[in-house]
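Each in structure tokens, the structures are laid out below.
Shared between the two complexes below is chain A, which pairs with chain B and chain C, respectively.
Up next is the complex of A and B:
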């Protein structure tokens, strides 16, 4: 047994080395950097103790960015699974004609990079020549908002784009899970007089719980890491109305030359995300249903 | 079978890496090289290559290897960290010149400034610049940064549209508002002005000019010097009120608050608005989108007959751009490249190729200055050479960010003029108290003047 353990270690050593070198070590270094003042260009670092953390607690922009990040995570976290589930059930249970077409169409945004999606929607939301405003004008609406330039609308535009961009991925996850549910269950339910709604509530939804668990963790990670769409569409504006923790980290590190402080926020973000992921797994800790 | 094919393909891919790995040009050239890294933006790269050719003609024993791209600073940063920076550098976007200076990364250029000018050996290099144009790159009496262009900010107008409708170019703010009203009445749906609202610093060109024209250069210096109470002075608040009032009157094209710089400028070129605030880089930035026959002209932000700054004064700047990294392998070669790049000959070449003026005396002699740029120079001449510029935007990047955010909120009506001023004053106070902020000071400067 002892011998086998050593051989096993030998086999995993290359992968473990890379893991330690390129993941654990950078995290450990980042943890160290969060306690120093560092501008990120020269190797001049000054130990700052908990100074970066106390500064962060008193920084209103940090709280604004955290609030926005929670806003984006919460609303995409609700809208994406709900819509993905709705469409997944629709196309797997043949509730709509042309289910195959819709499967491909909804997944299509996942084939495009987030950057391209952000640019696409940035043009679409232009109040002068964008497709949305022009369509609404065709309907007779005249006093239209300046979508991305209006702090009341810009966060919702970001949520809408994030939902549009990621919904297809989760739909495919749910589709694969639903297709794994034996048809016999539905047949039995049908014989007992259950309609589609009751089949969904009592069969589909409970048997999707494992996949829902995975998707919630994905959405949490994705929501708290919101960066590219915001960076391109609004640059965090107007007046930080769409600033997220990730864009604020970028601003501090790369624009203001405060790498130490930016790393402090990054470590905080990591701790928040990690805790939330653990919490969501704990919340859904019931035994997996096997079928 | 499948796994064998995959294994073979991976092996083939690995083998390819031996043949298509590229090469390190610096390693190939050995030590007889001068390396320059430059931001590639609206000005392109040809002027940099031309200067490299000139460098090699002057120093045939050294190869001038210059390269660049839009993310030059981000790409060069690891080399600065590794102590292996290029010999000469120009980067924009996210670069804080003064923090780099404070970190000891920037070479002192005083010896270069006192050396003979390239092609005009009877003159010192420093004496070939427009008067006052070197001050923005100096710290404690020494030169660390050199400017790339002499840029002038103001309000661009569509000359063809103005001529067609007989619209006058205004001098005072009241005349400007009358003009906007006239455009709205007679322009057939054309908005008086659009702006690049996603980046409020563009409207900042109007706001800052109003501050100068109301409060004069002493107020500008007080704002730059973070003097207590400077941001809450009546002129600062009044400039904010006038800016907000302008938007409230509906003189800006609807939706402008969300336009990026290229969107706003494109919409202006499409004739949907008559005017737009911008600097003299506008023509080269939009050269691929210029409609045939489009004529753009620059006017000063209109002023006030009773203001402390001249009615026609222009915001002009020769801001910091080029520098020589102190840890470069050959800093003296980097300085030599700058001596050539900013010579009268190469500045004239820059003007011919790009249409922008570098702050080098005599560089416009015998060169046809494009009408757009000429209009900027004419405007300065009409103002008797009176120019101004603000330094807080490059000295204190946090304040610059706060200014953009607060101005954006002022323009869309979230902040009142008083609240805008209070917010800026709070930021100034925070910076005054921050022990890590490198403080700068300026006295009322000698105005820049074009030759």
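Up next is the complex of A and C:
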């Protein structure tokens, strides 16, 4: 261990200055900007106190966007861990043949740009020449919805695409956690006559709790930040049926020039995500299980 | 496979196998469909969603690369990604090395200050960042984007590499100092090569995330000749939709997807390990 603090600091300084300037400073400024009325003209900022917040509370589009964001986060947050857990357990407990192939291919969507995924599915979901509608017509179904053009279907399409895009990542997380569990536990359980289901309930699931915590926080951050897929596939439509907080922030700031108001919504987004993350860690606070 | 399949009931095994095959079709088929559709003419695309191209011509790729300017966007993406990688790994590894091996008052606070950056949603900083870059005359330039990308990558870099440098024995440093190495030579010639596996992990993840990044590029770049690939594809979607010409769009999508998929197929083991490293300690 070196005690020469001058040299030590010198090594840190370049990274620190970048980090403070381009990351910490903008976040710090955001706290101030959310209290001003500001349309982007340099010094034309007027202090608005909590005015932005009261405006937000009375803005039906904000509530619509918040509702949709919660909807997306909730349903991806249920579907992704459930599917990832099923796949991860089956692959590691050798319940399926060709495990290596599935482990590799299921991760593919995580490598592709969200923009490309969104364009791909935007086309695949086209009611006329997309593959989904064509496939269903082959099965003899008629009077199909227009998917992304239908306010009732569009939110579910976004959920499905988000699940498609992210499931593989969580599967890899769980696989690596399960692989860390000593095989002896399962052998002992088998000798005691436990089946796969009992092994899962009494060994795999409790020992996965740390990874579950991590993945819940990831899913919260990811769900509340939903932007790329919505922006490309529906741009928040039809009739704001898929508008999220993130797309609404972008619209207010960079299309309508309401920079102060956009930052107020962003601050709300941050406070919600942060407190939900803390809350979920608190809910799962019981001591990590160690056998 | 080393061991036999588990002793589940045959019916249940078949059921699980079917679910796995079904999901792999759901993952792979859209991508395969995308690739062969990229070889079809727009007329063929409209005529039938499923059919293979009548002739496998590269016309769409040529049109995408030249007329739709995907080639230009591709080189922009390469430039931005490579520059970000170099800058972020250089400053990030120096900081990590110091945090792991130099002990001075406040250094652990600095470590947590760096990690704190991972907690904030990007949307919170977006508006101030836009005006900060405007003030610094870095808006609408690759340089500005590279600086911002590097800053946003520093928390993850510091997190992984500090852990990595800590595992390298301090005796190696002491031997270097006895031999009269300067502090920087010691870092550059001795410690950095030893940290290569950590650098590879961070490098792969940075490459994938910067190559695919959309929102920061969307906000910080406005000139069309500066566009990165995701930005270019998003505009192309819009333009081609109104011109009802989808061939080049599909070719463009294939071009964005290929580099990261190839990278994965080559470095699959490291990527899988890297995800675990990031999550276990995050």
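Remarks
Assume the second predicted complex is superposed on the first by the 264 of 291 C-alpha atoms of A that agree within 3 Å, B and C clash if a C-alpha of one lies under 4 Å from a C-alpha of the other, contacts with A are read in each partner's own complex, and residues count from 1 in each chain.
Here, a residue touches a chain if its C-beta (ideal position, glycine included) is under 8 Å from a C-beta of that chain, and two chains touch if they have at least 3 such contacts.
The structure presented is a predicted model; accordingly, all values stated were derived computationally and were not measured.
Once the complexes are laid over each other on chain A, chain B and chain C cannot both fit and instead clash. Legend: residue contacts after superposition of the two complexes on their common chain; A:213 is shown touching neither chain B nor chain C. Of the two partner chains, neither chain B nor chain C is touched by A:64. Legend: residue contacts after superposition of the two complexes on their common chain; A:151 is shown touching chain B, with no touch to chain C.
Of the two partner chains placed by superposition, chain B and chain C are both touched by A:254. When chain A is checked against chain B and against chain C, the one touching more of its residues turns out to be C. By the document's definition of touching, neither partner reaches A:202: not chain B, not chain C. Of the two partner chains, chain B is the only one that A:240 touches; chain C does not reach it. Among 75-83, 237-245, 255-263 or 273-281, the region of chain C with C-alpha atoms clashing against chain B is 237-245. Common to the chain B-facing and chain C-facing surfaces of chain A are residues 40, 122, 129, 254. Those residues of chain A that touch chain C in the complex are listed here as 1-5, 7-9, 11-12, 14-16, 18-19, 21-27, 29-30, 33, 40, 83, 86-87, 90, 93-99, 101-109, 111-116, 119-124, 129-131, 134, 164, 168-169, 172-173, 176-177, 196, 210-211, 214-215, 218, 221, 224-225, 227-228, 231-232, 245-246, 249-250, 253-254, 259, 262-263, 266-267, 269-270, 273-274. Taken in their complex, chain A has these residues touching chain B: 37, 39-44, 122, 125-129, 133, 144, 146-151, 234-235, 237-240, 251, 254-257. Chain C makes touch with chain A in their complex at residues 1, 3-6, 8, 13, 16-17, 19-20, 23-24, 26-31, 33-34, 45-46, 49-50, 90-92, 94-95, 97-99, 101-105, 107, 110, 113-114, 117, 119-132, 147-148, 150-152, 154-155, 158, 170, 173, 183, 187, 208, 211-212, 214-215, 219, 229-231, 233-234, 237, 246, 249, 253, 256-257, 260-261, 263-264, 268, 271-273, 275-276, 279-280, 282. Residue ranges of chain B in contact with chain A, taken from their complex: 74, 77, 80-81, 94, 96, 99-100, 103-105, 197-199, 253-260, 263, 267, 272, 397-398, 401, 405-406, 408-409, 412, 414, 436.
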